[in-house]
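As structure tokens, here come the structures.
Both complexes shown next keep chain A, but they swap its partner, so chain B is in the first and chain C is in the second.
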Partner chain A sequence: MTDPILELRDLEVHFNTFDGRAEVINGVDLTVEEGETVAIVGESGCGKSVTAETVMGMLPQPPGEIVNGELYYRDEELLGDETAHERVKTESLGMIFQDPMTSLSPVFTVGEMMRDVMTYQNKTNVGWLEIFRNIVGRRDVSEADMHDRCIELLDRLQIPDPEGILDRYPIELSGGMRQRVLIAMAMLGEPEFLIADEPTTALDVTVQDQILDLLSEQVKREDLSMLYITHNLGVARRIADRIYVMYAGEIAEVGSCEDILDEPLHPYSRGLVDSVPKLTEFDREGIEGLIPNYTEPPSGCRFHPRCPAAVAGECDVTRPPRFELADGREVACLLYEDGLSPAAANEIAATEADTNRGSGTTHGRSSGPRESDESIESLTQRMEDANE
Partner chain B sequence: MSDATDDRTDDPLLRVQNLEKYYPITGGLLKKKVGEVKAVDGVSFELGRGETLAIVGESGCGKTTLGKTVARLHEPTGGSILFDGQDIGTLSERELKPVRREIQVVYQDPTSSLNPRKRIKDIVAEPMTVHDIGTKAQRRERVVELLRRVDLPEDFRYRYPSELSGGQQQRVAIARALTLNPSLLVLDEPTSALDVSVQAKVISLLEELQDDLGLSYLMITHDLSLTKNIADRIGVMYLGKLMEKAPAASLFDDPQNPYTEQLLSAIPIVEESEAAYKPDRISIQGETPDPSDPPSGCSFHPRCHRTVDECSRTEPELVDVGPDHTSRCVHHDDTD
Partner chain C sequence: MGFKSYVIRRTLAGIPVFIGLSILIFTLARVLPGDPARLALGPRASEEAVQSLREEMGLHDPIVVQYLDYMAGLFQGDMGISLTTNRNVAADLLYFFPATFELITVGMLIAIVLGIPLGIIAGQNKDEAEDNASRLFAFFGVSMPAFWAAILLQLLFAFHLGLLPATGRIGVEAPPRITGLMLVDSLVATDFEAFRSALAHLLLPAFTLALAPMADIARMTRSSFIEEFNKDYVHALHSSGIPGKLIAYKYVLKASFASTLTIIALDYGFLIGSAFLIEIVFAWPGMARYGVDAILANDINAIIGVTLVVGVVFIVANLVVDILYGYFDPRVRYGGDEE
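And then the complex of A and B:
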């Protein structure tokens, strides 16, 4: 395996709040290989944006505090070395945010903003004199060069009439156009690594489709690596090579898109994938309960209070490590402790979940066959079969 | 305007005919009317008792305005809304009061639709206070009953909305809508603000309530996959007009309108098995145009992948393309 471009090891981030100390990120390991797109999926409040902010060096500190962890970008540790982080951030990282209206300034035109990005990129320290020179129009880079570069980028993002767009304010553009401008601005610094935090969440499906196409085109063309944060599993499938499923500040499951979405192993990813309304079917049971309170997170596995397959005395005591089941397929769940094959373990998890659910209140029209009324005998039989 | 015959139930709960809601654009010193935005432009549909009709469309297509106009939160500028045989489009505020008991609305964002300064018990009892129904004890009893109905613990009565999670808040909003035993609920993106695992539970609750109480739902949403699973019939809306209207099954198995095809093609699928329902990949052009200056002819023609010269000249009508299935496209005329 080649060296990963980005590696995050055992990250722990705490926040100091009025309610106490919130242990938001609890040991996240993450790698992105060269030229790979990795998606982090999870529901709101699971810590996916905090992870992205930490990588980008944009975590507000305080209230945030990086308690533990290492971040390697091309084998260079960044979390312990602020200047190195700043340098890598300006030289190699690019970020695309969710809401273009709050990340673009309403009082500057697109052209002014793009020129500023070009003037100040790759600079960590800018003196007053230089800022003054830039304001009066004596920039280091020539205006014509900057203009050409802007036009080229806007053109590549299929923005109609790029010349005209440069003189417009963000409010004059539609949502899709703003997002394109934002991507163009992230590309201005010629980054090697893109971090995209829900860039299509505010958009309609047809526009989202266009933006995803454009983004993957840019990534392929420039041979970029990308960390893509989203809550939409379908979007993750379209854009990513691998998916990290995150729950309550921990990574629940890692694998390729097909692995995770067609055959989820962790009880949380299973519940999540089942709950998404799909064109084929839709499981109306959802997941019981709520995301835990981070000031008093559950002991053991953080998912155990909501887990349909939780085993008392084990899941609430031991924090599950990530078991590697196959190449690149990792699951943080005690069900997979004994080195079962994914298929066998999956079977057990499914039957266990169904029997546990059968005793609870199930309502709503069922979607597709579910073997919830299976007898205990046949269940044990199947578990033995699976173990063989 | 629609020459499609609708031979559904003889006695639908709601029959909307050529509904129009135009907003004037004023300009100049004297605030003279210089144009209008046709937010809802000649929409017709019927909603049977105990049925769910979903209106899907992109942002700005007028689906929320349609819902609010049907609930008479807006006054229509044309057409009729026959609710239980009575045209409620022209009623005065005083005449509307009994109708308001029958039609209730649940909004997208529960944090902004629940008063943060009131306790849950007062929020749920508010409709009874407004309509002056019941004694204090009866109201208290009804609130307990309603909370149980939406699977919330009774002691939530004394809490404030901010102490509840998003899913629980939405349950309170549903309980409030049910207080006066309505027959029609207008659900305006009821689960868009919720996470999927919570959304599944709220949807399941809505279906259970529909089964038990015989409610009719007019559901407004942008999530096509969701409508496939819960709606009986679906209307696809674009720039104020219904582009296609069909039973859920036939809309997904056999979409007739190019716009529906594009919407379907743009859904990012989660599971491999879903691919069977998606038409071949269509590359989509542009974005929703400015509703104050809609394109000539068919309003969708600038973005359509099957556009021909005629599209910019003639505005197609809704025509029958199958049983209870109507669509609006110039290509339908060719086959007739």
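And then the complex of A and C:
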């Protein structure tokens, strides 16, 4: 295996809030190989965006604080070296944001913004004179070159009338168009590594689809590596090579896209996959409860208060290490201690879920045995599907 | 819809405002107690003479007719005869207004030139020493009575340091009157000695006048700067590689300028009000003395004239700012914010 392009080791990020110190990221490891698209999935508030912001060097500090961890980009450590981070960020990283409505300046035209992005490529600092010259409209770089480059990019992102778009203000564009412009702006700097923080969340489904297509097309074409943050498993399935399932600031499970979505191992991943609404099954199990309070995170496994398979005396005491299974799969759950096979573990999980359900304190909704039977059925069904 | 049509729409919208204003002022002046004809002729004039003057002034007509007469006169540059100066009010205003206009405009320029950087410095160093100093200054500027500040500044700069003249408008022979603005006239006449003197006389009163709006502008700039700085697009632009300094002084500044403009427009109108006091403290030969005299003498035509001019300055200031507003923020031009 080649060296990963990006590697995050044991990241811990805390936030100082009015309620106390929130331990939001608690030991996240993450690697992205060259040319690979990695998705981080998890529910809202699990620390996906904080992870992305840390990689991008955009974590607001304070209130955020990186307590521990290393970030390697092509073997260069960045968290301890701000100038290096800034340099790598402007030279190699690009980011696409969640909300295209607010991510473009409302008072400048698209062309003006794109021109500035191109003019200041690879520059981290500008002098007063340069700022003044810019504001009064003097530029050194050839207008024609820039124009061509912008037009070419906008064209590639299937924006109709790219010439006209350059003279428009963001409010004159639809959400889908704005997101395309944002992608174009991220691509302008010719990054090697893209970070996309839920770029399709604010768009309607048909536009989401187009944007995803365009994005994966660009990634393939330029041979980019990408870190894609999403809570949408369908999106992750379409775009990612590997998936990190994140829960409450910890990585619950790592594996290839198919592995995770077709045969989730961690009880949380299973709940997550189960939460996806489907046309044929209306009675979903989903996951009870909410993300824990970060100022007083649960002891042991952070998921145990919501976990249907939690074992009292174990899960609330021991923080599960990540067990490595075959094919680069990793799962942080005590069920997989002693090299248990996924199938066996699944069975234990299912039975545990069954016995816990009656006396469980965290489940308000599901108390009848019938439902539990169904869940065993669906789990075994899924296991069988996976084994085929 | 382009910028041009926006400007035209805005300008046309100023006309009904002016008409409404003139009706209001005229009516108020007419219903106030006190008979202008009697006041003009003095207590010992015969009733006959008073009646004939009333006839001559049109005071027997219905108020609507009087208003229309007045407006018809206004458009021909006739604002009635002032009882105190015995000249046409229009001529008086033309004589006194430029001095006041020069004073408040230079005052506003000082306020803008100092207030905006103060606000930016404060906004960029939120809650740090610079911010606290700037906020303290702003607090001081708003709460200090202008006439008191005027006296302090006179004491310091004129009497103790002897750097600037304490009162008056010019110390040498005045340049030939063209616009009535000393600074402009002296430049047109290429009389730099006069220009220097006019400027020196102008600095103290203009600065005193600028204190309050400067503080307002600094506070507004600070808060909108901080607000804009936390918007998503700032992070987005930064991540696409535009240097932070450029984002701050180009993108954030332009976006945050709209709210500062609003304050500038309001303050510009209020400046005329504060200028009345300042003009008296600095013996500035502007509209203030004329206005005050008119009010004390119940000189109706002059009162209407002065009030109308103040109102027009308000309207024009707001019009200019509305247009600038449209320039700075394209969302305004389209008649709505879509966000």
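Going forward, the second predicted complex is superposed on the first by the 347 of 388 C-alpha atoms of A that agree within 3 Å, B and C clash if a C-alpha of one lies under 4 Å from a C-alpha of the other, contacts with A are read in each partner's own complex, and residues count from 1 in each chain.
Note that in this section contacts are C-beta pairs under 8 Å (C-beta built on N, C-alpha and C of every residue); 3 or more make two chains touch, one makes a residue touch a chain.
Computed from a predicted structure; not experimentally measured.
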{"item": "When chain B and chain C are modelled together on chain A, clash or fit", "value": "fit"}
{"item": "First, second, both or neither for A:207, with chain B first and chain C second", "value": "first"}
{"item": "Touching partner for A:106 - first (chain B), second (chain C), both, neither", "value": "second"}
{"item": "First, second, both or neither for A:135, with chain B first and chain C second", "value": "second"}
{"item": "First, second, both or neither for A:38, with chain B first and chain C second", "value": "neither"}
{"item": "Which superposed partner A:174 touches (first chain B, second chain C, both, neither)", "value": "first"}
{"item": "Smallest separation in angstrom, by C-alpha atoms, between chain B and chain C in the superposition", "value": "10"}
{"item": "Residues on chain A lying within both footprints (that of chain B and that of chain C)", "value": "none"}
{"item": "Footprint of chain C on chain A - complex, ascending", "value": "56, 58, 89-90, 93-95, 97, 99, 101-108, 113, 116-117, 120-126, 130-131, 134-135, 169, 171, 182, 185-186, 188-189"}
{"item": "Chain C - residues contacting chain A, complex", "value": "231-233, 235-243, 245-246, 249-251, 254-255, 328-331, 334, 337-339"}
{"item": "List of chain B residues in touch with chain A within their complex", "value": "58-59, 165, 167, 195-201, 203-205, 207-208, 222-226, 228-229, 252, 262-263, 265-274, 276-278, 283-284, 287-288, 303"}
{"item": "Partner chain B, residues of chain A touching it in the complex", "value": "43-44, 174-177, 204-210, 212-213, 231-235, 237-238, 258, 261-262, 271-287, 290, 363-365, 367"}
